[in-house]
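Across the two complexes that follow, chain A remains constant while its partner is chain B and subsequently chain C.
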Partner chain A sequence: MAGLCGKLRMYLEFSRISFQRAAAYRFEAWMRLFSNVVFLFMWGFIWYGLYMDRDSVSGVTFQSVFSYVLISQMLQGIHSAGTPLWEIQEKVRSGDIVTEIIRPYDYPTRLLFADLGSIAFYFLTAIFPLYSVIFLIFRPLIPTSPEQWFLFFLSVVLGYLIRYFIELTFGLFTFWLIETGGVEDIFYFAISLFSGATIPLWFFPGWLNTLARYLPFQGIYFVPNAIFVGELGGTELFSALTVQLFWVAVSFLILRFVWYKAGKKIVGQGG
Partner chain B sequence: MITVKNISKIFYINKRQEGMLGAIRSMFFREYIEKIAVNDISFSISPGEIVGYIGPNGAGKSTTIKMLTGILVPTSGEIRVNGVIPYRERQKNARQIGVVFGQRTQLWGDLPTVDSFELLKQIYQIPEKKYRKNLETFTEILGLDEFLNTPVRQLSLGQRMRADIAASLLHDPAVLFLDEPTIGLDVVAKDRMRKFIREVNKERGVTVILTTHDMSDIEKLCKRMILIDKGKIMYDGELAKIKEVFGRDRILTIDFEGDVPFLEKGVQLIRSEGNRKWLKFNLEEISTAQLLAEIAKKNEIKDFIIQEPEIDYIIRKIYERGL
Partner chain C sequence: MARSIYNALRIYWYMVEASIRAQMQYSYAFIMNILGWMMHYTGMAITMWVLLYSFQALNGWVYWELIFLFALSVLSWSICTIFFFHFRKLDVHIVQGTFDRFLVRPISPFFHFMALKFDVGALGQLFFSIGAFILAYIKLSLHWSWAEWLVFLGAVIGGTLIQGGMLVLISTIAFYTTRSERVFWVLIFPFRNLINYPLTIFPKAMQMFITFVLPFAFVNYLPALILLDKADPVFPGFWGSLSIFVGILFFWFSYRVWQKGVDRYNSTGS
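== the complex of A and B ==
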């Protein structure tokens, strides 16, 4: 038990350091925030244009879709502060991965905690203040009950873990193919199409909608977004959370398996 | 402490193919070149030893160290460090060893040096008291206080090396692996590093394995030397014995004033470039002072250097006559 506490304290130390380090990379953070807001307005205007002469599309009001876009951009902003794929590629190519291997910690776990630190910083100093203002100005739909808030947060966390585990797994492929390229494109394509980051799944044609709802990617943005704006409720909501939970478990197992295999593939360049 | 039984490491290097057709071909048929970096080596090291692991570039030194530290999985063979199979129980092994790679730092570049140490305290869960005591000791011997608050990225090579070796010992490891710990250091810094390594070995009983290209590192630190070339062990034993056989050879480089021919008994002219001559002689046959006196009698000497045999020379000799 004492050992477990010590371990947790160690991983949290990495969060703390990343938090402080993020402060040093403020300029990059502002640039990220800027592009995030540009995309927010772009999608806002596109949906506004599509809704011009209509009250609702597929039974969903403009108000819902706009709120969806808002919360989606906010979540994407949070996700963007922790990108393990780049970090792993960099470390494998430079050979610095060696340093991570000879430390008495679990590298994927350390990465996760470090990224949580940068996210905390980015959230507190950039995303939260900015989106508070945006929310106050545009008055989007927000959860109306404590339960809805709770389920939203729960699904945000599950969604984050799904994306993180999948991205880490793709990052680990660098151990086999020092030059990946094509492989990571699959990841980015799948995320942009199936996660519901920009287009809510309910606008997908029937078969694609059904397919998307069973894939892991919709758990990243679509489920929390839809819960937030109140378009997901009752049994539908619980099955969505179950699918999310299922994918958290599966992507975690795949990650551990790939990590185990990658450990045998290390070539440790340089020196 | 450390046992290594018949380990080999083969790297499979992707063969690149020429031109467009080659690129397409290689998408379907991958061809590999096998590179045997370590070839069936065995040795064992007892607690408290300092062993010098030497060999020319590309001999397989770093590859061996990487297997012993658990980074690389051997292609075949068995390794035990304190009973632990390094690559199978990486974290457990990490707790009992310290590692320094002279060519790359293991500290966090953007953190002040002392923050890197603090982080290591958390990582290895070093008790506060032990951490304080170790840091104090190392600071004193290595003179760390001049740069404790400087980010690692801004340290000079010598400072960085000192920081790295201190960092590798904070958690009181039983074994210390040093891959070229004196590379790029000046004479004073090398000396300081050697003193520190010796002290750590003596006072703390840490077993040390170090690779180097500098024979004087070995001379000043190690009783035992393992010599490796092309992945195979050429010699494993006392340094004294090697020195007995080859260590009496010296190379004398002389710049003469004016071009003067000469001939001395027991001296071999191995190279000549204008007025500069390279002479090989053996201390058993003639002492340096004697030789110089003899030469000076007949010739005017402008400058001279005396060199001990280098690793390449010893290896060549072992190939030629064996041990």
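== the complex of A and C ==
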């Protein structure tokens, strides 16, 4: 137990350092925020245009979709503060990853905690103030009960872990494939469409909706977003959370397996 | 004059040849790059299809009309990236001091920098946009007269110059702040996404900004009004035929600003 506490303290130290380091990259943060707002603007008006003189489509009102877009864009802003995929790939390509492997910590865990630190900084200084103002101006639908808030937060955390495990696994594929150009674009497309980041799954054609429900990506944005706007409740909500949990476990196991295999793949030059 | 242009073109072609040969050395990466771009844009087209599935139309624009709008912007973008895409990376050359070598040679630094890379990876975007354009042309059963083909040609050339001008303009920021690539991704990338949708869905202020400040509207929306026989409540129809002139003007302006930047530039070492 004491060992576990010591370990946790060490990993939290990584969070603290990257929290402070994030403060040095203010320019990057402002740029990211600007681009986030432009996309929010764009999707807001696209949905407004689509709904033009219609109250509800597929049983969903504009108010719901608009709130969905707001919270989705906010969550995407949070996710964007993590280590980008290309940085992991570059680390593998250049061989710098070795310096991580020889140290007495677990790299996937260290990276997760480091990302949490930079996300915390970005959230407190940029995302939270900005979206507070936006929420106050536009008054979207928000959770109405403490339970709903709690389930939403739980779902966000599960969604974050799914995205993190999948993306890191994909980044580690660089150990075997030096050039991932075409595959990478399919991967990004799959994440952006099936996660429901921009289009809620409600509007998908039936067969595509079914397909999306069987993929892990919907757990990243769609489930937390739908909980937030109150379109997911009762038993449906609990089965959605169970599915999220299932994918967290599966993607974690796959990540551990790929990480284990990658460790075997490393060949020391000149040793 | 004619002789110096001839010489310049000869040098340009010589350097471009070297650049293409360099990129072809890694044939696997080369093909993956082309495939990657095609996947990227095909993914966007599929996303649009899903978006319109339950709604049928966006402000009176049906799916294939949106694809037409999209293909038109990607077409001129792909041509402009062949020549200018590496301008976004000017900051790297300035920070590392490698830009100085462009200043000490007996040809124009702009020209020399432009010849640095001839981005064959852009072929992926070109193939996609031509394919999407042909499909949209058939699906919408368009039959253009020679005048409409002329508008189309003007839009492609004008769009290339406008977007190329923006890449040049963004790179100029590097002379003052030693930053350009991030600015490109943050400024141009979202706006290029914005113009894939009909301008009328956005508020008036944004429409004006995209027409008169960053003239993206001339890249695809305004010409598409003529080519798809649509009307806009604000902009007169004939504006779409002005793309080529706006393009020349904007590119010339960007080029002048870039030259000013070079004049002001002091190497990072000093």
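Criterion: the second predicted complex is superposed on the first by the 265 of 271 C-alpha atoms of A that agree within 3 Å, B and C clash if a C-alpha of one lies under 4 Å from a C-alpha of the other, contacts with A are read in each partner's own complex, and residues count from 1 in each chain.
Assume a contact is a pair of C-beta atoms (placed from the backbone, for glycine too) under 8 Å apart; a residue touches a chain by one contact, two chains touch by 3 or more.
Everything quoted here is computed from the prediction, not taken from an experiment.
Enquirer: For A:F45, using the defined touch cut-off, is the partner it touches chain B, chain C, both, or neither? Pick first, second, both or neither.
Expert: Only chain C is touched by A:F45; chain B is not.
Enquirer: Mind working out whether A:R9 is in touch with chain B, chain C, both or neither, as first, second, both or neither?
Expert: first
Enquirer: Output check: A:T99 vs chain B and chain C. Expected answer is one of first, second, both, neither. What do you get?
Expert: So A:T99 only meets chain B here.
Enquirer: Considering only the touch criterion stated at the top, classify A:R32 as touching first (chain B), second (chain C), both, or neither.
Expert: second
Enquirer: Which chain, chain B or chain C, is in touch with more residues of chain A?
Expert: Touched residues of chain A are more numerous for C.
Enquirer: Identify the partner contact of A:G182: answer first if only chain B is touched, second if only chain C is, both if each is, neither if none is.
Expert: In the superposition, A:G182 contacts chain C only.
Enquirer: According to the stated criteria, A:I199 is in contact with first (chain B), second (chain C), both, or neither; which is it?
Expert: The answer is second: A:I199 touches chain C but not chain B.
Enquirer: State which residues of chain A lie in both footprints, the one left by chain B and the one left by chain C.
Expert: Correct list for chain A: none, the interfaces share no residue.
Enquirer: Please give the residue numbers of chain B that touch chain A in the complex, ascending.
Expert: That would be residues 11, 62, 66, 69-73, 87, 90-92, 94-95, 97, 99, 101, 103-104, 106, 108, 110-111, 115, 119, 122-125, 179 of chain B.
Enquirer: In the complex formed with chain B, which residues of chain A make contact?
Expert: Contacts found on chain A: 6, 9-10, 13-14, 17, 21, 24, 95-96, 98-99, 101-106, 263-264, 266-268, 270-271.
Enquirer: Which residues of chain C touch chain A in their complex?
Expert: So the residues of chain C in touch with chain A come to 26, 28-29, 32-33, 35-40, 43, 46-47, 50-51, 53-55, 58-59, 179, 182-183, 185-186, 189-191, 193-194, 197-198, 200-203, 206.
Enquirer: Okay, in this complex, where on chain A does chain C touch?
Expert: 27-28, 31-32, 34-35, 38-39, 41-42, 45-46, 48-50, 52, 57-58, 179-182, 184-186, 188-189, 192-193, 198-199, 202-205, 208
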